[in-house]
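Have a look at this one before I ask anything.
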């Protein structure tokens, strides 16, 4: 598990005064960028130099409790399932003010050759990072 | 079912050249705003004058096929389930270029008193709109 | 002049309850996409097939009056200056509710070869569209 | 001067592969939130508890050099002008990779009573922060 701290910014709430729910997915993606930051060239190098991407095929999100402007969340990222070409990332959004998990996102990505736009085996270094953060079997 | 046409804008793709997946949820919310546009004062009036909101508690998304800059999608919105205080909206994102459903989102919202931040029975006019677009039982 | 109608969406206001000011620039860009929609392949074709872009080098914005959720604006787009490789677009954001110009943006773009990332003469068809919407000299 | 480090995220580039220019203004606002983070209750407290805001009335931006995905910028924030009810913030966006200032934004804000939506004298603690970062007269 790694933890990505994220502050709620002024523009990330909606007209109801709560964090607009799609932003949780944006933050999840930022947390994934952080997870893979240690790759040679970082996550950006994977995309732009090596032309391998991790597009989403399924994203399931639950929102348990509202998050407001000025709040900080700690995004706890793990790998819930690891296959040859795909994996499920899990993100828990814990409010810093009270420690409550306000939301949880499960994000299935497929290792993809961005030039030919077809799935491809996960590169060894990507897989190694994923293994390091794989959840223990229950 | 109502259909909300949406163009992919220049800034809605990511570094891999595909629509950034959280934007599908933003578009889904825009489609919901359109669904309830006929309320007195529109969806905005519901939120800002009547102080009733429809925050998401669960959102499940599937992405079947990429969507690129310059594409148009038709977002087909229906109500998949209607309860007293909550409902499930379903959005199908159909590419205009080939008619393919590129993504599907199921969005569970709870009728909420935004002043006290507690669930509340769905107002009659909101419910009437939802009933009008309720999917036929299979 | 062309007019691009734009609704303020639920997520486009900030914690102060007003449209977050950078969104006016996003809307300006959407209006520019509409301005050039009639090109062969549209604005998207210019970028992705012909690999010519119009990146901003200067953007000056004035905000005269707030815009709220539920408001509609009419974005009036003209070309204020037309050079060989650059031009200034002007956008006036008129509130539909009262006809007031709530904001004005002046946007200087440079015709750019996106492969070599150097400026290049404006293509003839881009220039023809710009000329059609050029403001009359005062 | 304070410095706000900001990474370019995966979704912040556009179809031309460059940071979408309105995001520089979003980052500027994030830098302003950091500037005022030391207020009692932070910038969020100013907005949501004290109901004082700093809406923009003018924003002038210059873009000198492109910024790409994977880049980091250091946003150097100063106060270029300080009045009784308004001030000009200046942001320089310095690329970490080569030290070049890629963009500069000048942002005029007006101290505003968000309840009555009228300008109001800048609160003493806001002013004290601004004075601390005021540019030396040339």
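Which chain is which? They are A, B, C and D, in the order written, and residues in each are numbered from 1.
Here is the rule we go by: contacts are C-beta pairs under 8 Å (C-beta built on N, C-alpha and C of every residue); 3 or more make two chains touch, one makes a residue touch a chain.
Since the structure is predicted, the reported quantities are computational estimates derived from the model, not experimental observations.
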Most remote chain relative to subunit D, going by C-alpha centroids?
B
When the contacting C-beta pairs are counted for B-D and for A-B, which pair yields the higher total?
A-B
Subunit B to subunit C, mean C-alpha position gap in Å, rounds to 27
What is the distance, in whole Å, between the centres of subunit B and subunit D, each centre taken as the mean of its C-alpha atoms?
33
Roughly how many whole angstrom separate the Cα centroids of subunit A and subunit B?
23
Could you list which residues of subunit B touch at least two other chains?
10-11, 15-17, 20, 22, 26, 29, 44, 47-48, 69
Given the complex with subunit A, which residues does subunit B contribute to the contact?
15-18, 20-23, 25-26, 29, 44, 47-48, 53, 55-64, 66, 114, 117
Per the touch rule above, subunit B residues touching subunit D in the complex are 10-11, 13-17, 20, 22, 69
For subunit C, which residues count as touching subunit B in their complex?
7, 9-11, 26, 29-30, 33, 41-45, 47-48, 68-70
